[in-house]
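Look at the two complexes coming up: chain A is in both, with chain B in one and chain C in the other.
After this line comes the complex of A and B, so read on.
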């Protein structure tokens, strides 16, 4: 293998790789349209004169958005919701709220205090989730910045660094430093030697130096970026001593750590609704005049020649509703169990989707001990079963606070599913004790929300394999029989995000609007 | 040079370099004490019986903190302030406020609205600035998270990328990607070959791959971390096309960009005072019962056998105050002009300090146009004279907002000093236009605060050379004649930070307390 690379070769080798460009061009060739830019207000044709009616199945965010929009456009709207509450997975728990876990019904025993709440579902809004943000603006839902990536928080692994927590900023500075030192050495030892120009070589060395905060000569020997062990204010700063590169490589944190806050969806600054994420749900409910019937479980869905018939169970008796259109955000994995006459391929598509699973635990802490550690919001990561601890970034310096005590995804939820709510809190406390001294002693009460066991939900984060996506996604984005629209984050590329729910709702509404406009122009009603 | 490195050599080479350890050990050997840990409440001996009196020169943060603490401890306190207002450089400007720039007196013409303010001095509080945070907690100053590092904000350079702004997240993802690709190639081409174990080599490749989001085989060809150009919600995501590595190297952003948010002082999450940083000043003023005399300029300071005599000018006439102790936060560069009999070396030390210079511009914008670009707080960086634009992260979705339209440091302030306030706003607008379309058209009013020209201030960010630090720092931390304490951020390792001011005040108070306790134990008054 040629050990000497020309400048042209080097620059061609680095970053020229057609990958992204190819994907980009393919994307453009496919005619994909921008859906991350500013989203204009939906301008649906008002159907006031013709009194079209719509039934919405499920009062999750997508259902609420559809109801809100269609009501504005003069449709006659009814909303049917199986559970005792609206909002779906956009669930904020406060004092006295019920956690409707099957077999483990819990009551939230937090203090009755405006800062004591727990976002059991969506908790973060990034700046490019335009639809969520536009609704917050339109409905005057107050937003605040949410601390997310936190250099002062911890990373902890029972099997590395003696099981002791390491500050995130320390870990990140060391990782960058050693990475850059390696690169520096490669360049310095003429790994990319002549005919690389002296100027290019010098710039690359400077790049590595700056990136990793290297010493002159290219060694990483700690950095003030890692934080101080001592001094800095009245006495000279003494940076934290670097961990060894070997220990860093042995540990597995770098795998996930460097993903997280680098991703747009988790990239700072993130926002949250002041007072709890269900502020969005409440705002919709405040605006929607149409009836929202809770505790009403759908029994059958049937396309007819002119619309959709839905039968649902209410107070022990079946009720029937006939509508021109149906918008359905029932979790797709329930659909095979609900008798319907939707087209065969459509039903196959729904049946092909696999529910994901998330679990969150919220713990009311009698003291904001994390603030004494210099942590004001953000997340600690651990390889222990709890996966993470999030600290509230609202209510700073208050007496108490609610932390996220576990955030567990997919298969790892199973070990928690088996436990009683009480045992889950105990386990979360035990894990926390390895990160914060006295952690479990601060727990006053807790709730656990394993979405896979939550009534009327039984999952979170719909999983689309590439194959299923290719076969069924476009089909399920279209209305079955021109009348039945499947909606929700489940019918998007952003499953388990509010933006996915609103994007799906928007798409369905635009599909409907197109049909209604075409129809009215045919009938001369335009 | 040996091209083949053993594993031992590699691991020894990377990170073993004695630098940090040496510094660390030196630091420990020097007996430095922790001053970044949790700061306990000061427990000053109460002197109520002996009625010691103190004069505080300057009502900046350090002066206010000293007055607050000594009043609590039973001292009789007087505060003398040269300017028309208290707070020193902790200045938040609102409708009607005066900007006391010499020769360019300005009046702030922002709307009279709770969100329309501008922090012309300190604006950010990191989680390890314990003294600031402890005072906020004790004085019930409400804190909120401040968006700081923002992947959705811009980097812009007239000379690179066709002068067009590039999203921060895009830039960062590309820089990480190319850096990692270079490293990957070095490892992959057996740059660190046998006897590196296959396992180590594999881990290093994985490390580089994860760090840079490389494709299989180690090439960087764009990353979803850069953000999407298209799709992501209803259609497949198309990541932004990577910039070329050459363009990236040619540009100079990486120098500063990678420093900023990696430093503890600027590391997320940062905080700010809800409603303006001068909330801290107001809280002290609310608590302090002692008289604070503004428009009172110090004329002389003289140590006497039993205390300190201060003469100051008030309403055209000299006033004299005699006190047991004097705490002085007058900018050190004014001291050579104030007649005094402080010890020669002490005066030499004060004269050796050089005032720094910062300038900030605040612009009230009639529309929060940045939010339409997905920016909700954080900072844009540019090589243009304005250096940066900061977007407010409070008041999200409001009608208007105040942005920081320029943040200029040290020598670069000179070109702004020469301009009239009106010309500065125009220049800031012109620079902004190259980043945000229509920027200057959104400006409703602006204020510019060049600290080097501000009355009674004439500087910001005291500069200590290593030599001056070594010769004078410890001396100036001690009271002259046991009576005159020089305080302020200027007498700290954190000049221009609130924490520096409070650290200095704390140090002086502890010095005083030690003396008072010793004295009272001698006189049997303990």
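After this line comes the complex of A and C, so read on.
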């Protein structure tokens, strides 16, 4: 069997890649309503005199969006929130804020200063999350650019390159260079059973040369893209020496780098809310006139013939609300612990979802030492337990700054959960010391937010297996008994993103609107 | 009218609760319990938090102390126990007593069965268990055997496995846990554990 790639195979591969993209785009365009691209503003029918009332369970982003929209459409809305605060996982921590971790209550001890805050939940808004952006525009929430992929930040692995950090730009330039050199040689050998045409061959060689910044003849011998070791302004530039290809390949950085920087959700430029991501929460709260009750924990949810009855505890006494409709963004994994009479398959679907787990650490640094290393925003990646360090894109050249000192996902969170908040800060500092000299010495105070241990949360990033998605997703997108809508990022394909929460809220509201319109046309009202 | 549980009323409630079926409103510091264990501590299998509604306060108190001291909930394989450990650690001695009173005062519907086992075979095994846990799984205060009826079957299975595998009941200070671990001689394999649990959940308190 011939091991060489035939020209036909090569072109077929290119064609297949293009085809997949085309199929993806077509697929996205096939939805009933726009799910990507321009998303139209909701235009819900005003219920006016019919005075329909709605109870919203949970003051997370989806619950707030529902309350905001329904209030505008003339509904009577009440919002019930179990925790002491509004916003759910959209949590920006500042001086004096409580971190209500189960068994480890902390107080944020950052300086009381407008730049000293930490987005413990959502922190990044990509340009294609149109619902988030629409709300920011409508509610006049100011946005700034947030660096995510930064060539001057670091890659660091204890087991490779002597454990020393490597500049992201250096790594990327070398990786592309080596890959291109391989491609160049393969083309140059031209050992295809049907040789490439002279034109194809020339174009591919040019492509490889440009992609990897190769020297004439197709070798990679370093690139100015890797950054300079010296000079470039008054003296000739000396590019960084290329790393060895073997070391690069063994380092495993490529696993996260090529994924992390090239997905649309993480692709620069991202945005964040000026002054903290909870600016979105505050804007909703400012606009919403309906009562929002915090420290109000739901005790039961029951569908009735004409609506939904909700009992909750508030100020030491049980309260009951009978509403026409209920919108529920309580984490699905709490639903098995709340008595309810929702349909059996619906309850099974809720119980089949697995709570995910994220942890973030925010560290107030007494000096913006990273700026002296040429880093202004963006992220360092490491194979150490902290996974990443993010540098603030705001407050540049200020005296101090708050960095993200760890961002840990799923199973790797467990080892952190077991540590006390103090031990977590110490470990984060030790990891940072291997990346930035003197790192731990700059830490003035820190907060850790393990979402799987946060009161009234106990998870983040709901996990749907393919089987569960297939069996229950559509069911849970529909209202139980036509009255109870499960919402939140948990009921979307974008769990743990604000856009997922808003998309789910929008979907439920459109469903409600359809029902209300159908009802009013039947009764001749409207 | 439902009542909010405070230190004083808790003690009152213990004696009167048998007749009362009203839901108890937890004091603020015990809302934490309901986050995982559910409304009225009805249990939540998704979070691995068992139903503890109405559990004897002496036993709850002992277990909370055991968690707090690290006699329980510190073994590397005890994932859910390790989640409980910091919760108990945050409680003062006084709060442990109050928490136990709150737990005992809660009521919820009996749990649904989830474990499949051979009840007849389980009944044979249970003969030994009944010496301490009562013939109807009602428990025996004098012998320090907690009630088993009314607990989630999946939770009983997990605990029996933990006792068998040295995950629970190995700490020298955990005297009663050690007794239970020793009693696991009769239930060596998973099938036997499922059988005996299937029998226990068939008992009606």
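General observations
Just so we're on the same page, the second predicted complex is superposed on the first by the 492 of 526 C-alpha atoms of A that agree within 3 Å, B and C clash if a C-alpha of one lies under 4 Å from a C-alpha of the other, contacts with A are read in each partner's own complex, and residues count from 1 in each chain.
Everything below uses one rule, namely that a residue touches a chain if its C-beta (ideal position, glycine included) is under 8 Å from a C-beta of that chain, and two chains touch if they have at least 3 such contacts.
All figures in this text were calculated on a predicted structure; none of them were measured in a lab.
Touch criterion met: A:264 reaches chain B, while chain C stays clear of it. Put chain B and chain C next to each other and count what each touches on chain A; the higher total goes to B.
Residue contacts after overlaying the shared chain place A:41 against neither chain B nor chain C. Contacts of A:344 after superposition on the shared chain: neither chain B nor chain C is touched.
After overlaying the two complexes on the shared chain, residue contacts for A:245 are found with chain B alone; chain C is out of touch.
Contacts of A:185 after superposition on the shared chain: chain B is touched, whereas chain C is not. Judged by the document's definition of touching, no chain A residue lies at the interface with chain B and also at the interface with chain C.
Chain A makes touch with chain C in their complex at residues 102-105, 295, 297-300, 313, 316-318, 333-334, 336-339, 351, 353-355, 414, 417-418, 453, 455-456, 458.
Listed in rising order, the residues of chain C touching chain A in the complex are 2, 4, 23, 25-26, 28, 31-32, 34-40, 42-47, 49, 79, 82-83, 85-90, 108-109. In the complex of the two chains, the chain B residues touching chain A come out as 1, 3, 11, 13-15, 17-21, 23-24, 27-28, 30, 32-36, 38, 127-128, 130-131, 133, 136-137, 140, 142-152, 169, 172-183, 185-187, 189-192, 200, 203-204, 206-208, 210-211, 213, 215, 219-225, 227-239, 241-242, 244-246, 249, 254-255, 258-259, 262-264, 267-269, 271, 371-372, 374-378, 393-394, 396-397, 477, 492-494, 499-500, 503-504, 506-507.
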